[in-house]
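The structure's right below; bear with me while I get my questions together.
Chain naming follows the written order as A, B, C, D, E and F, and within any one chain the residues start at number 1.
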Amino acid sequence: MRPSQRQPDQLRTVRITRNFTRHAEGSVLIEMGDTRVLCTASVEENVPPFLRGKGQGWVTAEYGMLPRATHTRSSREAAKGKQTGRTQEIQRLIGRALRSVIDLKALGERQITLDCDVLQADGGTRCASITGAWVALYEACDKLVQAGKLPANPVRDHVAAISVGIYKGAPVLDLDYPEDSDCDTDMNVVMTGAGGIVEIQGTAEGEPFTREQMSVLVDLATLGVRHLVAAQQSALAA
Amino acid sequence: MRPSQRQPDQLRTVRITRNFTRHAEGSVLIEMGDTRVLCTASVEENVPPFLRGKGQGWVTAEYGMLPRATHTRSSREAAKGKQTGRTQEIQRLIGRALRSVIDLKALGERQITLDCDVLQADGGTRCASITGAWVALYEACDKLVQAGKLPANPVRDHVAAISVGIYKGAPVLDLDYPEDSDCDTDMNVVMTGAGGIVEIQGTAEGEPFTREQMSVLVDLATLGVRHLVAAQQSALAA
Amino acid sequence: MRPSQRQPDQLRTVRITRNFTRHAEGSVLIEMGDTRVLCTASVEENVPPFLRGKGQGWVTAEYGMLPRATHTRSSREAAKGKQTGRTQEIQRLIGRALRSVIDLKALGERQITLDCDVLQADGGTRCASITGAWVALYEACDKLVQAGKLPANPVRDHVAAISVGIYKGAPVLDLDYPEDSDCDTDMNVVMTGAGGIVEIQGTAEGEPFTREQMSVLVDLATLGVRHLVAAQQSALAA
Amino acid sequence: MRPSQRQPDQLRTVRITRNFTRHAEGSVLIEMGDTRVLCTASVEENVPPFLRGKGQGWVTAEYGMLPRATHTRSSREAAKGKQTGRTQEIQRLIGRALRSVIDLKALGERQITLDCDVLQADGGTRCASITGAWVALYEACDKLVQAGKLPANPVRDHVAAISVGIYKGAPVLDLDYPEDSDCDTDMNVVMTGAGGIVEIQGTAEGEPFTREQMSVLVDLATLGVRHLVAAQQSALAA
Amino acid sequence: MRPSQRQPDQLRTVRITRNFTRHAEGSVLIEMGDTRVLCTASVEENVPPFLRGKGQGWVTAEYGMLPRATHTRSSREAAKGKQTGRTQEIQRLIGRALRSVIDLKALGERQITLDCDVLQADGGTRCASITGAWVALYEACDKLVQAGKLPANPVRDHVAAISVGIYKGAPVLDLDYPEDSDCDTDMNVVMTGAGGIVEIQGTAEGEPFTREQMSVLVDLATLGVRHLVAAQQSALAA
Amino acid sequence: MRPSQRQPDQLRTVRITRNFTRHAEGSVLIEMGDTRVLCTASVEENVPPFLRGKGQGWVTAEYGMLPRATHTRSSREAAKGKQTGRTQEIQRLIGRALRSVIDLKALGERQITLDCDVLQADGGTRCASITGAWVALYEACDKLVQAGKLPANPVRDHVAAISVGIYKGAPVLDLDYPEDSDCDTDMNVVMTGAGGIVEIQGTAEGEPFTREQMSVLVDLATLGVRHLVAAQQSALAA
């Protein structure tokens, strides 16, 4: 039995709100149950030094958690003067995920930065960030098309992410915080709209897991991502 | 004529939403027109080293701006590894303002941290932070009373803040970003519910200002703070 | 009764010594009683990146306190690896004050940095820094004129600063350390030679202050600045 | 055809040299072809603050790369003043992997730090670090047993790691640098001696990968880890 | 011929002014010609962690250079967020020199910090720091004796330092900046009042130097230190 | 009697292994008894900003110690976020020593960085670094000659370094760790192949030393360096 009474293969309620703030070229609030992440896309008309003159663009991501997004206050990274290893790991993951579905040459010599800031955390913030940031990225590229700066949107496919895990012996989809902090295996799967796997990160927190368990978990994740892609489509259609 | 068509003594629409997030002891979204700041209050049952064993509590504040809260993206302080001078100045101001209306001895040996994070900026973020943080602080203290940890709320009076300035030669109340970036004098006034001045910071961006101008500006601010205190009361009554 | 036996409207002895060190384009030791600040002006023939090619100059300030300028040794900021919020707040204030009285276009594409280093502290170091730095700035500009690099001194007016406050219930001018650490209200006022207000920063350390108190304090400050401007004139005439 | 002429399922030559340096409680040089990592285990008789008094030990890891371990010199992290996100990601991975096979309660209130320093890099440094660090950890625990500080070695099983990937369309085992920098999918698999999966991290550098490809890759990795575990056993028996 | 017209074995004018500032337990301005260093000694009634409970005290030093102590402004270390290698090297040298002549056991469990801040630089600032800091240290210990905290001054002997070098082929004593920046060999010698060598640091900036040259340089330094010790004695007697 | 049973004028066994790693232009493992330092030379085809366009090259050095190179683990500088003063002092020394024997103009506008990383420490790491780095530097320059980028090797002479000291009252050559941590005087001498002194750094850890002792120590060092230069020659001839 899951603490939230959800079925093993049931996602939390997903809500994707576009135009949550007004300055960014793409601005999306994504909610997965009580997890809420603000994802903004900012377009800059230049690229980082290592790409100058190479005729292609770049997509990168930064991730942050408001100090009191969590049950107990965590210290502010800006005040401590450095980002934790966890933060850096997550923002690298988000960047890789998004770059896997955009044609960087078609983007031209510009950079899009996705800022994913967690306003409230209840597990699964890195997956929600990827799913929400994709919408913000798509929106920002659309504005470049509308402004006549690009002939077509260079985003080639959807990308979304979901966590799965083994909780009290059973495989479950979309772990919330109570599950996440008490599970045996935790796996994040990033997939495209076409169903290709872009990234898989599975960790045994307790007992090692087996090939069979892994297979069931990826099945669950595939199901979850399919729902998330549908939610992205609805959000863009709205 | 103000860009927003407001009267010289007209505040922007003020909205104070309590319980905006669920983990913090106090959580308030304050909106002054398009400026939106999330203020959370976090209670910790200990005090910083310099106060240990002194039989009193402490109230402190931290301030941050999401990278794309502004028209163009500003770099993330956590990524740069340090807070700007502006950020430090603002968080020191918020802390002083709140400490002026709370009985720290009555609070006991605990610390309350107010995190003010700007989700969207359109001028006046430090004033909005003070006004919103006061509500979050009050709420957090109320919970301590409800939990039987304090006999009475140690917050003795309201405190709120507003900016005033001389824009195109005329004194105006509550500057928004277009006014703020093009005014001659910019003044932030922090006042209590009883009308006492807690802090005044006036800066001539262009021409120096006179005693008379200063007097008119403080009148306007007094009016503005009165409205803000009423908004705080409504929010608490809701 | 003031600890120093001064009258409420009496400044400490002001001494401004030019050419205190030999390398800087302007070098001034200012003493306000036991407070001693070394202010040097350094001219560089280029401007910071944000001003390049804009046809104007820049004036900026840095502030430091020697570790044992104070009663007990404070740790060295260079050793800790960062400047405190207080230091940053003060150096921003000094920079703004000086920029308010210089014609940056007339200065041309060069930068003048004012270093204000406190050799001995007895209250009022930020105000002494502004008053002393103005002399160093003027002197540095004069050398540019003498060297034929500028047709006329771009400094348009004096600027000086003084603290006022409410000590044991009475308004007093030019707080020294014993007063500063035990006063109800502390206000720093920056004014031009013509009497315009450039910056006012008032803080209630204890009880909030009233409009009437504020008015008396600004009167006292006006008086104080007038004396300081005279001291600046004497120093330049010497 | 692989650049190294190896068969798709062929590991590079593995060499594990114990007692490579003399001060550490465990000191192992692991070589996977031209990749060489020095892994040392250091025992300290206390635990980090978050574990004090909890009756258990801790195992953690740090990772570094000598500036010229690589084809072109990379800058020294100590000189830059911070570790890259990649470094932090790797050292977190090594720590998790090792903790998965040690009984931390049986270790008692002591910490073992595994330092993995890459002397020469040719791909697969994080996997080599895990495989080598396990030997150093085992050795350090053995010394605690010999010294009578522990009744039995708390390491419960082997753990080793290997990279697999899709290179020029074909699944291959143990990527070297030329393969790693030109592959479509790169996957690191951490497994125990009993064959359980502890961690799996797969990333599509180019095209997304399929369930079937993933399955073949995990088969290859299982084979590779089996060889590595045998190499660990030989090294301990030597 | 030396730029300053001095004889090869002639020191610059030495001036040691005690009580230059009022808060420190020892406060000395030392001038070697145009080089001016403020040396303060601060006594704290505890020792650094590595000495706690060992029944002895500690003497340490910090060194800084005001940004415009030099011909062209150098950037402020506090603003850059770190001390240069040169600064660290010098403060380590000053600390070692002073510790060589004090009985740390007799000092008891307290620490004396010597802050050496260069107000104006014209070569030889590290040597002047040592010579001046010794006087400040002696003075601070004397106050501990006068306060009844120590039975006798734990400083056992004088220590002073001087630079020597080979300038235009000739050995000279006490290099000033024009000589220092254009010499072949630069040597700093730290000696006790009894004539023992505490530290010698010689560097060939151009051609390597010979045993014979080294011998002549140490002779010159011995002479110089003898004069400096006399100056220290006069300062203490004043 | 020395702990190692060596004669007072006996070096530890010196071993210089070239091509210890494969990527660097010069790669040398130097062993002085149990002290082992990996020295690599990296050539870059540009110079640091302060030398651009000056028609000369630059040689610089960085130094590091693996955390468990020592008896007890020391913390990793990259993790702490800064290099110690000792590290900076050593790397500055290595750089100066090498620059003293290379014709920087003949090197052309390129920079060679010597990375000296201590794999195992038993005293004398800075001296071993200089002696080993010289071989790596020579080798890297040789490769530039072989590649036709330089007409001749710009290294003009050997340079090597050795420590000497007064241990239990007697002058000894090449201190190992047990001697180094218990000696009265410790001196590092850097000399050229021609016998010129490039750098001498002597420190009295206990009693000050005399002119006579200094003379004996330099004699010993001269002897030691002669052996080291021979070892460098053998290594290059191999």
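Basically, a contact is a pair of C-beta atoms (placed from the backbone, for glycine too) under 8 Å apart; a residue touches a chain by one contact, two chains touch by 3 or more.
If you're wondering where the values come from, they're calculated on a predicted model, not measured in any experiment.
Matching CA atoms, the turn from subunit C to subunit F amounts to 120°, rounded to the nearest 5.
Although subunit D and subunit F carry the same sequence, what matters here is overlap: shared residue numbers make up over half of all numbers found at their interface.
Placing every chain at the mean of its C-alpha atoms, the farthest one from subunit D is found to be C. In this assembly, the C-alpha centroid of subunit C lies 33 Å from the C-alpha centroid of subunit E. With centres taken as mean Cα positions, subunit D sits 50 Å from subunit B. Taking each chain's centre as the average of its CA atoms, subunit E and subunit F sit 28 Å apart. Subunit A and subunit E have Cα centroids separated by 59 Å. Looking at subunit C, one finds that residues 81-82 touch two or more other chains. Contact ring, oriented from subunit A toward subunit D: the chain order is A, D, F, E, C, B.
Considering their complex, residues 82, 85-86, 88-89, 91-92, 96, 100, 191-192, 194, 196-204, 207-211, 214, 218 of subunit E touch subunit F.
Taken together, the subunit F residues at the contact with subunit D in this complex read 21-24, 27, 34, 36, 38, 40, 42, 44, 62, 64, 66-73, 76-79, 81-83, 87, 113, 115, 117, 119-121.
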